[in-house]
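Dumping the structure here so I can ask a few things about it.
By written order: A, B, C and D. Residues from 1 in each chain.
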């Protein structure tokens, strides 16, 4: 059906890092285009002032009052918004969550397999023939994504006796925090062969090793431009090798088109897994070229790509 | 010799004080009016419920904070405490209700203990509650390492109950305002508490057991915190360890907006409840305005400033200095 | 005159350490820092205590710089605190990197710009507090939201790299001591000197103890408060630039952790929360302690829940132990 | 209760033996014996820092003695069991030297918090009524209401409330009332009302201890006098058997008779205030402020009238005018320095040492030569003033709180007089200052005035007006009259303040 008169809102809980900035930018770009082309009537985005579930719940409730037809959510918590999400569904509103997904059954969920994102790091280390001690840099404690990636990592390590996690810190997906936490633990650690990360923290880890005068281990990166730039620099200087992976910020555009498709009457599965976007030694130069300074390796989706994706998913 | 008139200490000061007391209500009314103007649909049972029901747990958290402010202390741990309660509500409560109740009682006990220690060793409340906030958060993460759990059915049902006549947030506001007023402004205990905030030496000299009084104050704050957490988890249906971390600052802002002061035992329970409603509304009000995303965060700051600037205006026109 | 010096009795029997600690509110935090350091070294199977100390000094330098400012603000009286520090650090970091734009020659202008941004935020904070009579905690909270919005608009989440000279300086060590730590030490001494030997310093303590009495004693109350907020934000601004230089570029969230951290450091360091008694050495002790405590808990492999729980318990324990019991 | 009290009159109520207490290096009490009998009013006198307040604090359980024992009505009242609470239960009440009201509460609420055990509904009404009854009995015409907030009252009124609250019976017995300088902030009338009430109180067989530095009051009301000096009781005699001279010499101070000296000092300028002398303080007449007020270089100007009738407000306005010198109806030349009387709220910096508290008023001079404060000079000057005022303390680096009330007041004098300000504003500054010190301070003021300094001096003590060249009388916030030279008399001041009040 026609969605010309439909209004779709983005409820976002946090804007304070490069991934989120890229995510908002992608949303803005794709939806502006959709609005001028008359695909939908409106698609504003709203960000809460603090990364808090309660505030976002209130925001969603206001969106219900505003009469939006669909709400796209990057959630502060997978569970704490369930009450508000349920209210939205009950009011006949389509709710699509992505990246930070919600568990409320009436909502749609679009994300990458975060467990896989964890496991693939260990697999990569193994493929490089690395052995010995690992350092794990985690995200924000008590948050869903952190726990998923962590589980992926620990499960994979359990399967490979050649690895031992000798230290684990919370870098909060923030370069400066990661740098500080790693610096603090480093002097108590033996030689480290590789570092498993969650994204947004790899550059800080590298800085910490440098500052401590330790040899740089293999640090798994998270697709941030600064991480890639550092990697390229190291590669050019001393043939440094690693790998990088993350969810693309353009997931927001995917979620937008999903919401639009549902409003147009399409049948869409409740859960969809996006491909993890990966940068390897081979694709590094290309990725660096394409990624703006301060941004993240990105994939934006078009309406057609999403329709195809849905068709394949069925 | 009789009738030495002492007119100088009454009069304009009283009028300004009264305007101050009205300020939170005026600010709330203005915000509501703006919302209704932008979105007439909000002006209904359903609309008001949606608009304000997340203020319910905030009101209780604010009362808790105000209890502490009344003794001229500051509680930096109420947010994490509410989170912990919500986690208990979403994990232990459904399956092991007895254990859950014991855990809540223990948590309130720790609060009281903190109050006692603060008094007995003359510690700054800010540091102790800062430490406590890590304790609560740690417990919450241990209990619920990853978001989830489910609030017990009865709690969810209670929080989505369609109250007669007026929507639940309004009833709750009335109830908490009355409880707060009776407990803190009218009751003998409340008077003692405010006295402790105003001049601790005076309370000590009158022979009160200060440790017991302050422990009581913290315990009551804990009970309000428990109410807040349970209602929050009833609304959200499940919890995470950070669910209410923001309540610490929100509750301070709400209490101050409502007319409380940081020192001297000056608090206003009714104002605090209205303050809680105002702060909640202000934070989500922006969805009703069309503001560029980049400026939305700052806009919330401006709303806070605007509401509080009204106070300065009252002082100016009320003739206070 | 009825001077009666025979009042002086023999010294009392209070234990020596207690009398020593009585006038030194900062002692507790310093002892705690040393203990945390020793415990970490003992628990770790790693290379060295020296490395740990170096890292602690480098990171504590930032904490110390911002906390000194927070200390001044807290010292001007009950209810005073600056909650806008994280946003200031974010904005000034962006400003510094943009002004420097990778060029060594622009290092000093960049640092000045960052400090200037801080001073601007400080003036804005005090404007809200003084002109609109908004309680400081709320005023600086509101200001922090506004400043963050500006930072988002200025930086757009862009990470600009610092000039090579700046990065090198930030990584520089003199006799094993990070240059930043030396810089922070210099600032610490200046602040201590200011507090002890200038009218402004004395005024800060006086206003914090009794605002009315300070006014009557002829001190400039409002100017003093203004200066406290401006110095605080100015130091936060400078620190924003340093953090960006240290960690290879600015980011919006680079100041996040300094909200609770500065408050914790200031009060654990022995500064009176109700104002009027700043404690400069305690800032170093507490900053080192907070860093080493995290290092310790990480080193013993405590999970996040346990780690936070222990952090809380230890903070409370330190403050309980460090406080002298009031005699009746 | 009342009957039994009267019947027991003359029996011992309190016995303290060998009570000793020290604070760090200061030995405040060094073995004090004291007996209080039922039905008597005992005056406790002594110079500042003699140990009076410390003794009182021990009697009423606020402080634990290091040594010695205490009996109350024959029962031992010792050790951990003797607390403020316990003392209250046995019928001991105390009005402390530093006020014990909560500023943020109303009178009724303040009444309630002083009654730890009573708990009932409608307590507010009852507490208010009880307090009002006592107020009406002791201070008829007080003009207070139960819902007045204490913080909005002037200090004189607060002290009235404090005293009345202590005298309100309530559920607990009332056997012994200890008043530590209860009249220090009261105007003459209220003080007289209180003294009269004390007489009727002891007539009922109750006991009262009165601490005051106003010798007039001592002789008017007490039955027996206990003189303390340097932490010991040096004399205990029936009041009738001693006189002013003997009392003062027992306190360790030379006999003084201020009045003639004062009059002599005054003649220097009295009547001679020619218009040619340049005024340094000028307040123009206005309906709001009353008649014009002015002060010349070297003049000592008194502000009189009932307590709380605008004198303090005038001083504050002058202080502000000097800081922001505009073309106002009020002009002050050169700087001002302020001597607070309400030292708790207006004067003392509690976290600072004695020295710091003093030198905070001189900072401008101390950094005259460099941008940094000259610490050596600071210390030297503080030491000079310590000697000049005879501060009773072993060490200027001790906290200010270690000084007795009167000695704290001396510090505030030093703070103002040590500054370079040509105009000194004094806000009833002699509250709690002993006779000896007062005499020294009066001399100091005269000396400084001779050197060209101007003093504007609000006082609640009539005697002090004799040290002034001219006096302005206040009523209801306005200046209603000016007295000079021999016109300055208690009768004239009272007449002026009441003429206006009645109008």
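Note that a contact is a pair of C-beta atoms (placed from the backbone, for glycine too) under 8 Å apart; a residue touches a chain by one contact, two chains touch by 3 or more.
Everything numeric in this text was worked out from a predicted model, so none of it was measured.
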Query: What chains touch subunit C and also subunit D?
result: B
- prompt: Counting C-beta pairs in contact, does B-D beat B-C or the other way around?
  reply: B-C
Query: So which chain is the furthest away from subunit D, centre to centre on CA atoms?
result: A
Task: Measure off the straight-line distance from the CA centroid of subunit B to the CA centroid of subunit D, and report it in whole Å.
output: 42
- prompt: What whole-Å value do you get for the distance between subunit B and subunit C if each is reduced to the mean of its CA atoms?
  reply: 29
Euclidean distance of C-alpha centroids - subunit A vs subunit C, Å: 33
Field: Centre-to-centre distance between subunit B and subunit A (centres being mean Cα positions), rounded to whole Å
entry: 35
Query: Touching two or more other chains, which residues of subunit A qualify?
result: 15, 49, 141-142
Message: Residues touching two or more other chains, restricted to subunit B: which are they?
response: 140-141, 145, 296-297, 300-301
Statement: Within subunit D, the set of residues that touch 2 or more other chains is 62
- line: So the complete set of touching chain pairs is A-B, A-C, B-C, B-D, C-D
Task: Would you pull the subunit C residues touching subunit D in the complex into a rising list?
output: 1-9, 11-12, 14, 193, 196-199, 202, 205-206, 209-210, 212-214, 216-219, 272, 276-277, 328
Field: Of subunit C, residues touching subunit A in the complex
entry: 40-41, 43-49, 51-52, 54-56, 58-59, 90, 145, 148, 152, 155-161, 171, 243, 246-249, 251-254, 256-257, 291-292, 294-295, 298-299, 301, 304-305, 308
Statement: In their shared complex, subunit D is touched by residues of subunit B numbered 1-10, 13, 186, 188, 191-192, 194-195, 197-199, 201-209, 264-266
- request: Could you please specify the touching residues of subunit B with respect to subunit C in the complex?
  value: 72, 76, 114, 117, 121-128, 130-143, 145, 249, 252-253, 256-257, 261-263, 294-302, 304-305, 308-309, 311-312, 315
Field: subunit D residues within the subunit C interface of the complex
entry: 22, 24-27, 30, 47, 49, 62-64, 230-231, 252-253, 319, 323, 335-338, 340, 345-352, 356, 360-361, 363-364, 367, 371-373, 375, 387-394, 415, 419, 421, 436-437, 440
